[in-house]
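What follows is a set of structures to go through.
Below, chain A partners chain B and then partners chain C, in two separate complexes.
Right, the complex of A and B next:
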């Protein structure tokens, strides 16, 4: 195990070096330039959240944008109230336009930043807990999980669009204040702000890696392979699934809060089906088996989008689509999988040269390597 | 179920972390190596270094209209109109001897992408102005970027008003400009019982607020007020209600596909436009082209510009537009504004002379700028909105509008018309 820990540590360290040093260095430590990259990091975080439930536990959540959007709105509610203090009754402007007389009760607590930050994590998690309990206690699995999560997403988005007196409707929450925390106002175009986002992503990476390396993570991987078998071994499968589903939602909620800080508005498009499916694509491109891989996938795809739309102004979406199809066809395990197989090839060549033949049964494909180990690991973990 | 079955699927890769430790490390290392390379390489292609602005160099201006996605149908025409204006200006020697360099971005109809691309135009490409967008949602997404960087956003679309940014040049009509002549005219000609139908978002609700105030003054009433979701396309129940209520006028603020679907179904239901006219604030030549001239025939629209308007400037505009984009291309009241705003920008820059060209300087110089637009001579007011020439028109079967009433004078924009005590001034919003 210590070696695994070391590997995790090294990969996180390299990831940290990339986003803390390499990227800011490249952009000349310019806060304005880095603001765009901070946006990619937020998207990387929500991709990581999906990789946690999809890659680790095999739960394909097509509604990952829902907790993301909730987190974004929760943060925006606080910032909107901060910017509405001079308005009659401290009410956000759009409520006045909708002839709402007093600030609704569920807006009141968002005057408090502490409550807002907690709510941004816990509310999406609680919601995922409720939905997860319904799904997993009912032993819903496979494609039906995808359908239910997608339906929930659509319902939530519709609610936010239609209840415009409370949510700002189609336009979302705009005209927000800058975040003031401990008396310090955070300018979203400053270098410090970029480091706030980068540090948040690293903390999430560490925590998510710890979860996936814990016993719970091991059980979840067993569940991914065969829920029934895990059940026969005596594990309460649904509890583990609900756990990872909720943690993933909390991370997405956190990413959503940061996203609002980056863009300075919350929009119902953060909860759109197309955005939610994009998250799945980022995971697929980066490799859903790796948390960092998924984050990298999100960052790379979004950078590519920006670049392609520069070069192919009219046809960039089509080029992007062709790229995705190519990745699904030729790199089903994403960039992470590509790197793994390149390395495997290099290693076997290396071995052949040194004449140190691998012991018999040495698997050439990583998937097969697992075939002999899980039971041993599971019983060791018991 | 055997042990062999357990990990047989070949997409399992995480399990091996427990077994093949060294290999995992190498894999991770290689992933990160690849990623670091990508990370370093990608931004370098991402950042096309633009020359800093120097005297005599081209003037970079951003064009931020969706060329893909749901609003591309409309925004492409705005993009085309802006490009036409830029081309014409450059053909005649540019602005004060400097060519306009249009930098085109496609925000793909997504608000977050609007914000992202606006940031790129303003920060990376150092545009001194950005022309863009159709929906209110996209304008509000761009707003924090241009306000933070004190840049200028030229927004050509009619909108709900109630906004007073010092970083947006509003070229379209606000509610008072479209309604203050239209509603009394409709009430006198057809009657005072209005049925209000719109999409459920801020623009239709605000237009209807204004309409209800006007009706109230006239002693009329809104017999029913109804909102359907954006993109809604089944209007059978709405049409039944209209039949039951027998309003004098159907006051319509549906947009895009919803407007097209409603008008087709309304027409198919057999209503006579002479008895129950649809009066729209949003319907232009584009929507009429989509719904078919027959469906729109006999109904009304109010706007500062129609393609059929007779003026030398408009004839030249329509001809140039169709020469460039095809003889079946239509111009409409938003694309006209997208067109004349570039000329407003040009005049403001020329007014500055030798002074330093910054977005705030252009903004301050633009106040009072007057341009002979296809609709007539338009003037930028202190509140950065534009005084326009409202017109009332009736649609013909051929998809063109016949202009029935043209206002006697320019109508000033009052973005807070329905909100007593709030005024948009040169210092921003003032509350009494």
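Right, the complex of A and C next:
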């Protein structure tokens, strides 16, 4: 158990070094590149949110883009209001075009940044809680969870597109102010902003890792394998499922808020089916069993997309599809699984080498290493 | 009053009565063996006690509380533990993690979200010793031998600290020496916990059973010590047919 904790610590430290140090060094401190990379980190965060529910508890949420989009809109509402103070009634421009008389009541509280930040986390979580209670108390599982979450996603996106007067419809929310927090205006092309996003991702990584390593995380891993057996041990499985579903939504909401800050607009495409399914692909590529793996999967796929979609504009989606199929066929545990097997292979090779040197030196050793090697190969097979 | 009381328990699977008006009392600390030919309703009886199946009518009272229609996780909290016929340990978790998981005296979400697993407690160490899995603690359950898997599941029941252990063929597929060891484990538990065992292996039954109940077509055919049962002509005809 202590060795798992040490492994967690090491992988988080490596991940931190990667996104805090390596990225600015390799991609330069140029504003545009940093902003692009900050975008990848946001997508990494939402992939991590999915890995928490899918990888840990086996809940395949095809609607992970819904809490992400809600978080994005919530942040955009605040920034839109900040940019509309000179408008009549402090109302966003698009509302005027739709002949809306006064600022709707549910827009009012978003004048406050504190409320906005809380709402961006809690509203998606509360929504997930309600949907999760419906799904998991009814003991719905497997593919049906995927179908329900997908349907909810489509319904929410439709609502945002239809209610143009309140949401900006198909255009989304554009013309946003920069975020001003504690009197400091944050430029989304600055290095400081990049570090804000990177730090957010690291905090989420630590918290999510703690959750997955707690006893609750153990129960969730048991639920992934056999929910009925977990019930016979006295666990009310649905409560654990609702918990992880809600926490995952809160993280996705947080990622969505940051995403709006990066791109300076919120669009209903953030809640599209294709975007939501992309999150699943990122997770699968990176390895859903690992939170950091999933984030890296998102970063890698999006970097590839950034480079390749200029060259193959139409064919990019094909590339993504082929990549997904290849991963499922050849690397079912994703890049994380690949890394684990490479490390294990290196370790057992090391052991073998020690074993042969020991044979010449001490005659007692080989028997010992022979008795430990089966367990080593077993854990490699895991 | 007996610790486990079953009154007129009936379950109807679309016309087929797997358990039909069953009455059974199990005293605290007793080890009861359920015998019976295939389809006698032995496993179904265990299912009805632990909540895997809901009865059509009748009553299950455990420790003075009626648990007939409680969901399975609430029965588990009352102290009812079940070992299934096909070993159902969590294969992708280690031995230690399986046992930690089974230690579910605080099953709530909030109690467990802040709990980080540190060193195994003394009680857990003792349980691992009882079933002889101390050296396998970091091994994934899927890599255990069949006998070890069965013992891990028994150990999980101990870790769960349940008052009533329902065991469905705990020696199925075991070698002779593994069966003996299982019998020794049950002997050790006898008196401490109430145990209901379904078993076909008569040698094992002879070794552990104090009282035997024979089921036939969903109700009790005969009850008594191993000697009474073996010499009972009704039991013979139920097993061998007419």
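Annotations
Rule of thumb we're sticking to: the second predicted complex is superposed on the first by the 340 of 382 C-alpha atoms of A that agree within 3 Å, B and C clash if a C-alpha of one lies under 4 Å from a C-alpha of the other, contacts with A are read in each partner's own complex, and residues count from 1 in each chain.
Everything below uses one rule, namely that a contact is a pair of C-beta atoms (placed from the backbone, for glycine too) under 8 Å apart; a residue touches a chain by one contact, two chains touch by 3 or more.
Keep in mind the model is a prediction, meaning the values are calculated, not measured.
By the document's definition of touching, neither partner reaches A:143: not chain B, not chain C.
In the superposition on chain A, A:94 makes contact with chain B only, while chain C stays out of contact range. Applying the stated contact rule after C-alpha superposition, one finds that A:221 touches each of chain B and chain C. When the two complexes are overlaid on their common chain A, residue A:159 makes contact with neither chain B nor chain C. Which of chain B and chain C touches more residues of chain A: that partner is B.
In the superposition on chain A, contact is made by A:229 with both chain B and chain C.
In the superposition on chain A, A:326 makes contact with neither chain B nor chain C.
Of the two partner chains, neither chain B nor chain C is touched by A:203.
Legend: residue contacts after superposition of the two complexes on their common chain; A:237 is shown touching chain C, with no touch to chain B. Contacts of chain A with chain B, set against its contacts with chain C after fitting on chain A, overlap at residues 1, 218, 221, 225-226, 228-229, 375. Listed in rising order, the residues of chain A touching chain C in the complex are 1, 210-211, 213-216, 218-219, 221-222, 225-226, 228-237, 239-240, 243, 375, 378-379, 382. Partner chain A is touched in their complex by these residues of chain C: 50-52, 71-74, 76-77, 81-82, 88, 90-93, 96-97, 100-102, 104, 107-109, 112-119, 139-140, 143, 156, 160. Interface residues of chain A facing chain B in the complex, by the touch rule stated above, are 1, 3-4, 6-8, 10-11, 14-15, 17-18, 22-23, 26-27, 32-33, 35-36, 39, 55-56, 93-94, 97-98, 158, 161-162, 164, 169-172, 174-176, 189, 212, 218, 221, 225-226, 228-229, 263-265, 267, 269-270, 275, 287, 289-290, 292-293, 296, 299-300, 303-304, 306-307, 309-310, 313-314, 316-317, 332-333, 335-340, 342-344, 347, 365-375, 377. Those residues of chain B that touch chain A in the complex are listed here as 1, 3-36, 38-40, 42-46, 48, 67-68, 104-106, 108, 110-112, 115-117, 119-120, 123-124, 136-137, 140-141, 143-144, 148, 162, 200-202, 205-206, 209, 229-230.
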